[in-house]
Every structure is written in structure tokens, then in C-alpha cells.
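Have a look at the structure below, then the notes.
Read from first to last, the chains carry the letters A, B, C and D; within each, the first residue is number 1.
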Amino acid sequence: MNLLVFAGALRKDSFNKKLAREAMRLLESKGETAKYQDLKEFDLPLYDGDNEDATGVPKDIEALGAMIKSADAIVISTPEYNGGISSVLKTVIDWLSRMDPVPIEEKPVLLLGASPGALGAVRGLWHTRVPLEAMAVFVFPEMFGLSKASEAFDEQGKLKDPKTEKRLSDLLSRFVEHARPRKE
Amino acid sequence: MNLLVFAGALRKDSFNKKLAREAMRLLESKGETAKYQDLKEFDLPLYDGDNEDATGVPKDIEALGAMIKSADAIVISTPEYNGGISSVLKTVIDWLSRMDPVPIEEKPVLLLGASPGALGAVRGLWHTRVPLEAMAVFVFPEMFGLSKASEAFDEQGKLKDPKTEKRLSDLLSRFVEHARPRKE
Amino acid sequence: MNLLVFAGALRKDSFNKKLAREAMRLLESKGETAKYQDLKEFDLPLYDGDNEDATGVPKDIEALGAMIKSADAIVISTPEYNGGISSVLKTVIDWLSRMDPVPIEEKPVLLLGASPGALGAVRGLWHTRVPLEAMAVFVFPEMFGLSKASEAFDEQGKLKDPKTEKRLSDLLSRFVEHARPRKE
Amino acid sequence: MNLLVFAGALRKDSFNKKLAREAMRLLESKGETAKYQDLKEFDLPLYDGDNEDATGVPKDIEALGAMIKSADAIVISTPEYNGGISSVLKTVIDWLSRMDPVPIEEKPVLLLGASPGALGAVRGLWHTRVPLEAMAVFVFPEMFGLSKASEAFDEQGKLKDPKTEKRLSDLLSRFVEHARPRKE
């Protein structure tokens, strides 16, 4: 199975980038194919209908849309900003929705979130579900919140706590099993 | 009373810019002072913690923050993008939250929303409340949704339907009455 | 395919009961097996942990749980009460969650909503998703809102407007196609 | 100032009843008048429009409505049931909304929540805001989540941790200051 993994943050040392890469590593250890894409490699402007009229959907959004379209399922690790969705991820969503067809429509998506605080981005994850589901994305009911993210990774970026790693690994297994394309 | 009015969209002919300006006109007709700010005049990058570390909060966000700080209350007319908050407005919110103190904290805010569809941005408005309330903003419980916005304004940008104008005007009166600073 | 259909309201002439029965009729016309259950036939007390300790989960909740467990998928037509989930449906959910295993867990669920107003229960439906998804229910991303429900049904309880009926029928087809159990 | 305090749960040993009583104690220590009402003393049926047509709003709801109406502000400590609002509290809300005028309309409300888990009912509190705000209640933006509630109270029902007590006390002070009726 072919998965795309990305984080809803731009910062180089983002906890959510680390968590996304851990998800990719665990997916590969299960024999799945997982591609990680860093959104910082893209040129992402704010959504502006005038710019869209003038020059269309940005090329980098079209590139991301093509990656999404060719993936069987998507894993997004995304921060909570002010109790809600990351503005970076919402910008990506709003641009993707201007493509026709919308590449993320009907895709299985798993949401992860890391935060330095005690709540593990849980409010942000629930806020993030809404626009995705409004776009007819199949957001997996279970989500993964990583609290105290500043202490969670070792120097190689691996999750220190084996129980946390197992919790993520088991969730990824359930998601992959559910999202696996049906044999006709 | 001193109000700031802005729209959560960038497009020049945005219905929400029209609605924001109608709100301003109605506020002024009540004897209030209302300033309208077009976000398109600002240079708004996506939120990126690395850029923040390198160069701080963008100057235009600081300018908007100063306007917010000096206002007694704020009216935001904001579109629904994909059933949720405008990514433009969320970007503004996420940058504002990096100022210290956060200028919008504890401010009274009224949310309006215009949409071309039948639901009048109502899903988007409820999704927009969440991060504002998480920042300790006093979001007025009542909100104003304008459906079928493409038919709602005349060529001068005024609301065509007197009942709709009255509905907005009455809500603005209730908001102003509630938000008015207490005399000590 | 074996579906259970019920409404999240008790009132005898509830619009949502009518909509639920229309969903059942349309499902049967597609060759599916659909059972309709009226919650009013059940004795449903408020959730009270002391009563649960004393006498366990109510028998009627266990009966509903058994129906849910034996269904391949579930269609719930549910009103919006005060911009949110029906307290009747939430009571059912809270009791069901006390069964072990939770019978609705991992079931595909489609949400419909009828309201006399213009917004077609859309706020209520989004609020209703949250506890279901928190229980690991697969709530179908698309939902169906019926506005102006007091004018929508004829004397036999059938949807008057063929376009509305087709919109519901098409959504039911997409849901059934998605929820159909995989052949091993 | 005259406050009403109640919990959104029925169970005798409910953590949220304990938290509500602690809020009452702290309010009284600040010189405010706080009345605590246990919902279990009331006879609360599920909302059913047929019963409403036959016998009107239940007497105990009318009694609660009168208490709410005579209070300057309200503090509700309410559990999270399945990631959402307590069905008990939602039932109360749905009945109250059938009174004319709606007694809770435009009242200042502070939400607290206790849970045995690590997240302190935070998802439930955000879900609880929605119907209250849809009823034009002024829900205070800040809320109070008490995690690991089974270890939080001593045998007299007092919060063991002085920091937690101070956090609650300070929030109550901010709420009272904000909600205090204006002198004309």
C-alpha cells in the first residue's frame, strides 16, 4: 500500500515533522510504501481568489495534489495552533479544494498531532477534522495525540517511550487495514 | 465607541469585504467610530516558526495588532472555506497570538459571514469561534450569516433587502450595547 | 446488506421520523434490507451512574445495542436541538457506550437531519458527529440536511420534491456502496 | 453577586459535583453568594415534544429555570461523555429552551469539567459551549479542566493540590469580575 505522510507545520525542528517521520518509519517496517513530503520545500501563498483568477492554483499545490491523488491513504501530523487547525494546513486544504477534481476527496486520512503541552494537540485535531470531512475525506475516527513532545524524541528523532511507539504503531496498523484498497 | 472592522478574505470583490463595509456604514449611522481595514494591504506570510525566530512577527501583523489593541471592539466578516475557518483569517490569528501581550485577548468580537450558498457561512462561523475563544476573545454569541451573497448587494455595495439590513443593524446595536466599555 | 434506521427524536410526528422512513423506503427500493426502529417504543432513562451500578444498562438499550450489532450499517435521522445534538440521541449514545463491547463501535453510520428552518439541521449534524467519532464510529463524511421540513412531506409521508428525493437516494447509494461488507 | 452552581451529572459521587461544590466554596470565600443545586433532586424526563404538548415543560425544569433567572451568573461543572456534552446537561438545556423567555439567555456562564483521564474533559467542554452559545448564553472563553479527578479530592471533598485550587480560584475571580452586573 502506498501512503503519503506530511506535517502541517513549516518549522524545521517541528515536533510534528518528527512524528510524521516516525509514522513513515513504522509504516515501512510493516512493509508499506510511505513517502514523506516536507511542506517547507513548497512555495505556499495565502489563498487569494484574485491570484487564483490571474495565475490559477500554485504549481506546488498541484504537485502536492498529484502526490495525494496517487496515494492510497494519507497520514498528516499537524500542530494545534490556538486550539484549532494549523493555518498552514488550512491554507493547503483551501488551495487543494480549488483543484478539479479535488485530489483529497474520498481519501482515507489519519490525523496525528504533537504538542509540547499536556493535551497532545487533541483540540486541534478535532478542529482539523471539520474541513476535511466537509471535503468528503474519510478521516479515520481514531487519532493520535502526543503530549510533552519536547521530551518525546531522542537525538535520532525516534520516540523514546516504547509504549508510545507501540500505541502509534498499533493505530497505524488499524488505519492501514481499514484503508487498504479492496481487491475487485 | 471605537470599532475595527475587517474581512477574513483577500479577494478584491469579496462578499465579506462588502458585508464588512456595510457593517461599518451601519455602525457610523449609529454614531460609533468604525475603521475598516483591508487585509490585502498587508504583507501576510504563512506562519513559520523559523521565520519568526529570524525576523520576529511581521511588521504588518504588528500594525494590525496595534489597531486591534486600540479598538474597543472588533467586527470580522469572514468567509467559510471548506466548511471551516478562512485560512487567511487563521493565519492572521496564528501570527497575532505570537505577540506579547496578544492584542485580541479579551476583546469583544462580532462574527459575520457571507456566502453564495444557502447556508450563509454558518458552519464556517462556528468553526471560527473555536480558536478565538481559545485565545480568550469574547466572541458574541449571536452571529450573522448572509446567504446567497451574490444577489444581496446593489451596485453601490449596499444590502438590497431592507429586512436583511435591519437584521444586521439590530445585531450591531446589541453587540455595541454589550461591548461598550463600562464607565468606572 | 442489512441496515438499521432510526430517528433521534421521540415526537410521534417528528420530521426526522418521516425522513428516516423515507430513507428506509429508498434503501428497500435498492434491494437492501432496512429495519426501522422507533425509539419511542423504548423506555429510556437519563444516564445515571448510580442506576447503572444498581441495575446495569437498561434492557431497551441492550435491545437497541443488539440491533445495531447485527446491522451492517446504520442510518440516523436526527434533529438539531439548540444548534447541537439531540439530547435523546446523546442519551442513547451515552448508554450504548456503557455496553462491552460498544455495539456501535466501527459501524458505518450515515447522518440525516430535518428541520423546519432554512439551515436543515446542518449545525446539529456537525455537533452530532463528534461523540460518534469519539466512539470510533465511521461517520460518513457526507450528510443530508432537509430544510423547511414542515413543507417537505406529502400526506403519505413521502418527500414531495423529486430533486430532494433523488439527492437523498443518491447519497444512500454512495453510503451503501462504501459501507458494504468486503467479501473475504 | 448571586451565583447558581450545578453539575451536569447525576451520580452521587460525581467528580463534577465535587468540583461544583469546590467552586461554590471558593466563591463564598470571595464574599459572593452561591447556591448549589443537585440535578438529582429533580425529576428530569427525556425531551419529548408529545409530552410537552400534553403537560408542558416539567415543573422541575421550571424550578431550575427560575433559579437561573434569578442568578447573576452560573457555574456549571460538567462531565465529558464520549468526547462530548453530557446527555444529562443537554436534556436540561433542551427543556430550558422550551420556556418563554429562555431563562439562561444572555446569562454569563462559566464551564468547568472534571474527568478521571489525562485530558480533563477538555473535548467535552468545547462541545458543551456550542448549544449554549446557540442559545445566546455568554459562555466565558476560559474554562477549567480537572484531569485525574479520582486523585484530586481529599475525604472532605476539597482539592488536594493548592496550585489546582489557586488556578480554579483565580479563574472564578476573573469570571466574577467580568460577569458582575454593571451599576447604572
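The definition used in the following text is that a contact is a pair of C-beta atoms (placed from the backbone, for glycine too) under 8 Å apart; a residue touches a chain by one contact, two chains touch by 3 or more.
Just so it is clear, the structure is predicted and the values come from calculations on it, not from any experiment.
Distances between chain centres, each the mean of the C-alpha atoms, put A farthest from chain D. For chain pairs B-D and C-D, the one joined by more C-beta pairs in contact is C-D. Just one of A-C, B-C or A-B has an interface built like that of A-D, with over half of its contact pairs in common by residue number: B-C.
One finds 30 Å separating the Cα centroids of chain B and chain D.
Put simply, the C-alpha centre of chain C and that of chain D have 29 angstrom between them.
Across the assembly, chain D contributes 83, 123, 126, 130, 133-135 as residues in contact with two or more other chains.
Chain contact summary for the complex, chain B toward chain A: residues 9-12, 14, 40, 44-50, 81-88, 90-91, 93-94, 97, 123, 127, 130-131, 133-135.
Those residues of chain C that touch chain A in the shared complex are 126, 129-130, 133-139, 141-142, 182. Looking at the complex, you find that chain C touches chain B at residues 83, 118-120, 122-123, 126, 147.
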